[in-house]
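Below is one structure, written out as structure tokens; the observations come after it.
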Amino acid sequence: MTNTTWTRRHILSLADFTGVEYDTVLQTAASFREVLSRRVKKVPTLQGQVVCNLFFESSTRTRSSFELAAKRLSADTLNFTPSTSSLTKGETILDTAKTYLAMGADIMVIRHREAGVPQAVATEMNRLGVRVGVLNAGDGQHEHPSQALLDLFTICSLLDPKNPRLELLAGKKVAIVGDILHSRVARSNIWSITATGAELHLAGPPTLLPKLFADYGTGRAGKLFLHWEIEPALADADLVMTLRLQKERMSQHLLPSLREYHQRYGITRSLLKLCKPDVKVLHPGPVNRGVEISSDLMDDSQFSLISQQVTSGVAVRMALLYLMGSGKT
Amino acid sequence: MTNTTWTRRHILSLADFTGVEYDTVLQTAASFREVLSRRVKKVPTLQGQVVCNLFFESSTRTRSSFELAAKRLSADTLNFTPSTSSLTKGETILDTAKTYLAMGADIMVIRHREAGVPQAVATEMNRLGVRVGVLNAGDGQHEHPSQALLDLFTICSLLDPKNPRLELLAGKKVAIVGDILHSRVARSNIWSITATGAELHLAGPPTLLPKLFADYGTGRAGKLFLHWEIEPALADADLVMTLRLQKERMSQHLLPSLREYHQRYGITRSLLKLCKPDVKVLHPGPVNRGVEISSDLMDDSQFSLISQQVTSGVAVRMALLYLMGSGKT
Amino acid sequence: MTNTTWTRRHILSLADFTGVEYDTVLQTAASFREVLSRRVKKVPTLQGQVVCNLFFESSTRTRSSFELAAKRLSADTLNFTPSTSSLTKGETILDTAKTYLAMGADIMVIRHREAGVPQAVATEMNRLGVRVGVLNAGDGQHEHPSQALLDLFTICSLLDPKNPRLELLAGKKVAIVGDILHSRVARSNIWSITATGAELHLAGPPTLLPKLFADYGTGRAGKLFLHWEIEPALADADLVMTLRLQKERMSQHLLPSLREYHQRYGITRSLLKLCKPDVKVLHPGPVNRGVEISSDLMDDSQFSLISQQVTSGVAVRMALLYLMGSGKT
């Protein structure tokens, strides 16, 4: 596998991703999915390279997904987690990153509670003139690009498994429902879905979907719509993404109760009748069963793509690590 | 190495293990012990396969033993531990397991504070029709099959290192001493030892060895005896297993004091004089020195098999992972 | 690569390191640095061997450095950290070490809050007659040999990158500034620097640099000097090492304030004017910016060797693991 066109060293945000870049990720992920269907699910692509997972905020699925992606590319992995951190000793995040750089990190996968941390590390790496790549694995409420790319790959693969590509979504109606305001997953998905030419409908309570989100649609290929009721968002939708609801939103008085939230914005079998008959539902996980989605619907493989999203995650992250690493000579 | 007879996908309990299954594990472990005596202690058997250690209850030795066994079979390993868990985010255990399944797990090694969790995950995997194998690495006070199998392998290897097999234990007298009631290790060992045709003698204070344990002997090849005094259990014993005493048993008023416990049920050099001259002592570790066994006896290689048990653990776990993985095509 | 002269099984202290041993480490590290400059930064040297990182005290950089060094030698690694420890179950440290020994550990890298723990484990391993090697990765305030060896390698590589060796430092003036009393890094560096024939000047407040440190100079190749003011230590110095200041020293009334400490003992650009024009500054990390060194100086690659120290760390630790492992047959 060779790639001569990829020029992006860091993957921090999808705001300025080009159509060619999306399609390159989708096609590369498709070729890695083929690798994952073999008995020996491993390629020597990144042998001898070091992928550092710097997860300042803890995570199960995302860290494991990146770790597995790296191992299947034969990279060596180093995991940094807060509990064994010298952050307790007062070291700055940039100093931590520079330490891993000096040890020989080729790619740093960074998650942090605060927006902008991966960008700040990438800026510092550029300033130092080093070839390390930084991948944003979730920064505060800002972005989570690999999640949106795996969502995109999951959807496009549904439409054309052999040749997933951006244009497949043109003219489709996609709904994202829930706590848009606090969701980095939603923000990255807004960028990717509106890049496809699909119609994107956001739905959520006014406290979790302020009007300013309409600005995200400016100058994008696809149109963006906001709804404070769920029904118009779901009407004739081809795809519905529901978001995890952080339970602390209650104590912040942004929501009356989980029960009322579920009644108004939870995805249920009966609500799906508003959608196209072959509608599919996505959720970034982990799911609060019975809150953002009814428990039986989550497990119904006729509608739910949740398991495919996790599987796509490994292939897409292999693709991203591969593309970031492929520029090295 | 090939195995054409192994049909058990999950290893959850020894209650229904057959003689052929025990012997297959023992012989496979013996062949892996040979691998471990080489300079390069590694085989490519599980290359490209993924072994996930899902340890919802923390553990040093068992997790390390499984991790090393997996690495020596060239598998990729993923460790899930509570501290980096999305369980804090409210995800159910089944959802966590399904996430690792979707990532591509081939084998899940599961430890949990509650009895039945590995079984529940295995049942769900069967329902989904997937080929992943589940191995119970200790569930509450229920079972710890790999510990009992390594104990069995340690004992049988003592009697015939080249060809360890179940029948070697027929007619031997084995004693298990201590907190039987709360011990998953004891329960699994009761199944394996009574399968061999050995006489099994359980000894412990009445609060930690209720009469109902006599039922475990029903219909087994070997006979089962209960004792509230240690002396009859040890008389002419060939093998003595002592169990870790959880210190919280004191605060639960099940025991008067550690000191009195040691005086009545602790294994000491003088007590061993009741046994056969070549008696050997086992302990699953970690040991409370001076409580369930006297400190000097633990370190006396004439009697103690504790170190061999740990070494056997890696070979037996390699065997179990190999057998579970060998059915895949 | 072969080594026929290395006879030290354990690396616990530099107090009795010989000139030949220093030079062997330096030359071996230089050859591994060459490996690290390749695209595939890996050699099969320790394939199938097991390196256990037993970090009873948590650490980011040192554990990651050892883990990466081991992986680049193709060893399998096991990490033991307190959070997943059976120490909470009351097991002794020697029993933990013996458990890893029985699992098949070839090398144990040990860090502990208390001085002497790695030595105690090594003594026990010798008593047992086993071939496992123990490496002290920092024990209390006693020693941190791999840190001093990477400092030495960094300095010698500066003077002759192709052929770093002890004699290069003869006649140089080296200053170590800060909390000497509580620093295991300082103690190990005192042994290595005074072995080179360099002049070593220690500087710090009287509470952190008691007179007894003069004894360390007895019978060493290089001369040792103590200063309670920083200026004479820095005058015409070729190299300045500054040490991390533990902030708890304030609450122990050993220092008036961080601010005053920085004013009197912090390394700044203006203080460096006292030194040779091509002076270089080292710090073992993590740095308290603005305390033991001014923030801008730390980032100034004209003076700071901090990043090179981290890079040297991987090469030096590869060398140590290689040398400890090379005696095996």
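First chain written, first letter: the chains are A, B and C, and each begins at residue 1.
The working rule: a residue touches a chain if its C-beta (ideal position, glycine included) is under 8 Å from a C-beta of that chain, and two chains touch if they have at least 3 such contacts.
None of these values were measured; they are calculated from a predicted model.
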Item checked: Copy-to-copy rotation for subunit A and subunit B - C-alpha atoms, rounded to a multiple of 5° -> 120
Item checked: Interface residue overlap between copies subunit A and subunit C, same or different (over half shared) -> different
Note to self: Based only on mean CA positions, could you tell me how far subunit A sits from subunit C in angstrom?
What the structure shows: 41
Checklist line | Contacts with 2+ other chains: residues of subunit C | finding: 83
Note to self: Looking at the complex, which residues from subunit A come into contact with subunit C?
What the structure shows: 47-50, 76, 78, 80, 83-87, 89-92, 95-96, 98-104, 328-329
Next item on the list: Using the touch definition up top, name the residues of subunit B that touch subunit C in the complex.
Entry: 36, 38-42, 55, 58-61, 63-65, 67-68, 71-72, 81, 83, 244, 247, 285-289, 307-311, 313-314
